[in-house]
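Each in structure tokens, the structures are laid out below.
In the two assemblies presented below, subunit A is common to both, partnered first by subunit B and then by subunit C.
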Partner chain A sequence: MLIRVIASFIIIIGCTYVGIYFGEKLSLRAKQLATFQSALEILKFNILFLNLPLAEALYKVSKSQPGVVSRIFRDMSLELSRDNGKTVQNAWEMSIAKERRELNLLQEDIVALNEFASRLGSGDRTDQTGNIDITAAKLSIFESEAREVCKKNCRLYKGLGILAGLLIVVLLI
Partner chain B sequence: MNTRISQILEYIPLTLRGKLQTTMNGLQNIEEIRFRADKPISVFASGKIARINEIISSPQDVKAIFNAICEHSIYAYLEEIKQGFITIKGGHRVGICGRVVACDGNIENIKDISGINIRVAREVIGSADKIIKEIAEPGFDEVRIHSTLIISPPQCGKTTMLRDLARQCSNFDKNVSIVDCRGEIAACYHGIPQNDVGSNTDVLDGAPKAEGMMMLLRAMAPQVLITDEIVTDCDISAVSQALSGGVAVLASVHGATIEDILENERYLPLFGKCGFSNIVLLSRENGAGTIEEVRKLCLSE
Partner chain C sequence: MDVDLIFRVAAIGILVAVLNQLLSRAGRDDQAMLTTIAGLVVVLLMVIEQISVLFDTVRSIFNL
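So, the complex of A and B:
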């Protein structure tokens, strides 16, 4: 009997965890989009006011951000500092590809970020701030959408997890 | 392959670098490397142009070199781009050519870069050895620097000599300040002089000469003030103010003879009681930096 109780408990906990995991994954997109926006704001400051070259500006951004966003900016900065003939776009795509599994972003988010990278570094400061502002505005819209989806589905996933656990237990008993 | 050429090769795309390196290994005294879109690379070495027909630089190669020189940050180099040149690590000067974007007659940007000329930095340590005795007079407890004007036509080594004078004056424990309007004397990269201008030397890089001199006089209290190519009336006025303020000024001016300058009314404020004590005339008679004459001026002259 005790074994059955323990097994049921483990099943319910496991299923609840799976539900929470999927719910969290949904909220992670919104969090990462918000982090990218914050990174872009700092990049804008480094370009507009400090006039730092791109590699240095990106490195400073990486120091100010957490997790995967920090790694993307750091890797890109290192790629640009190396004497390997890479373009900004190449360096960005390489950094994104390296961290793709850690990024909980949709294809549309990646497309917006790639477009941003294709214009990065070319043109004057006004062009650069325009590029950053447009990208930040897009990411902000995506973030709002992601938060809406999260609001709708997060509880659903968590609830489904618990219910699935209970169902399995009932069926097994 | 010497260090200076290696520094330049870092900016060249990998597709061209190997071949160019191999070709340049066989050349001595490389002064310039030119890249033009869809044209062979040409190298100016030992006074001759060597066209490397087997290496054609594509428009993409030229663009890649330009981006590497700008550190992929055109916005950060826009002021230099407007002037048509960028100084890179090592003090090498990169001239750029392409489509100019102008507004109200002022150059705003250069786009579609089609030509790049990398001038290899040449620092001649000791080029001022022959005139330093005339300029630096040992005193009781310290060396006294006499204000000196270097005159020569272009390409005769005025800037090279001023650079070496800066180094030598600095080594006499003098506070030396340089207004490096075009970045030719100290060749600063990210604000740090790439040429040896001495450890007691402050460089105001990229500043207009007249404003720069006034700023340095107010802010850095120099004992020796150095500037290249006095041209405008504002430059003359600023040098004159520095001279009358008791600062030793080492400067240069374009001219074929000493009389050209002494008899030019515009330059009169630079001579006289508080003016330049020495004039040095340079030529290319025996190569750049040949000293034709060193004339000491009487205070009443």
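So, the complex of A and C:
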């Protein structure tokens, strides 16, 4: 009897965890998009007012952001300062590919960010701010989209996890 | 009489009802419908033995 109770608890906890995991994964997209936006703001400040070269500006951005976004900007900055003939876009694609599994972004987000990287570091300061502003606007649209999806589905996934666990236990007992 | 079976059916009924509400609130009415049908099938599979016993009893009482 005791074993049965313990096993039931394990099943319920496991299913709840799976539900919460999927819910969190959905909400992570909105969070990461928001982090990218604030990173872009800081990058704009570094370029426009501090007049830093791109590698340094990117490194400063990586200092100010948490988690995976920080790592992407840091890798990119290191790659650029190594001076091995890589273009900005190459460095960006490399650091994105390195962290792709940690990034909970959809393909459209990645495409927008890649477009941003392809225009980064070419042209004057006005071009750079224009590029950053456009990308930030795109990301903010994606973020509000992601928030809406999360609002609709996050609670659903959590509830589904718990209920699926209960259902399995009831069927197995 | 196996009382366990009744409780199990009741528990499944409650869970399916809650699942149904949850899914239809999230705007997934078709999946809510599917869950309800799945619950129905599961419960039917559970009680089908009892139903056959009932039929046998009725048949033997009336000598059919």
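Note that the second predicted complex is superposed on the first by the 173 of 173 C-alpha atoms of A that agree within 3 Å, B and C clash if a C-alpha of one lies under 4 Å from a C-alpha of the other, contacts with A are read in each partner's own complex, and residues count from 1 in each chain.
Just so we're on the same page, contacts are C-beta pairs under 8 Å (C-beta built on N, C-alpha and C of every residue); 3 or more make two chains touch, one makes a residue touch a chain.
Just so you know, these numbers come straight off a predicted model, no measurement behind them.
Once the two complexes are overlaid on the shared chain, A:Ile134 sits clear of subunit B and of subunit C alike. Legend: residue contacts after superposition of the two complexes on their common chain; A:Gly85 is shown touching subunit B, with no touch to subunit C.
When the two complexes are overlaid on their common chain A, residue A:Met94 makes contact with neither subunit B nor subunit C. Counted by residues of subunit A touched, the larger count belongs to B, out of subunit B and subunit C. In the superposition on chain A, A:Arg125 contacts subunit B only, with no contact to subunit C. After overlaying the two complexes on the shared chain, residue contacts for A:Leu160 are found with subunit C alone; subunit B is out of touch.
By the touch criterion stated above, A:Ile173 is placed in contact with subunit C alone, subunit B being left untouched. No residue of subunit A is contacted both by subunit B in one complex and by subunit C in the other. Residue ranges of subunit A in contact with subunit B, taken from their complex: 47, 51-55, 57, 80, 83-85, 87-88, 120-125, 127-128. Those residues of subunit A that touch subunit C in the shared complex are 152-153, 155-156, 159-160, 163, 166-167, 170-171, 173. Every residue of subunit C that touches subunit A in the complex is listed here, in rising order: 8, 11-12, 15, 18-19, 22-23, 25-28, 42.
Subunit B meets subunit A in the complex at residues 10, 13-15, 64, 67-68, 70-76, 78, 109.
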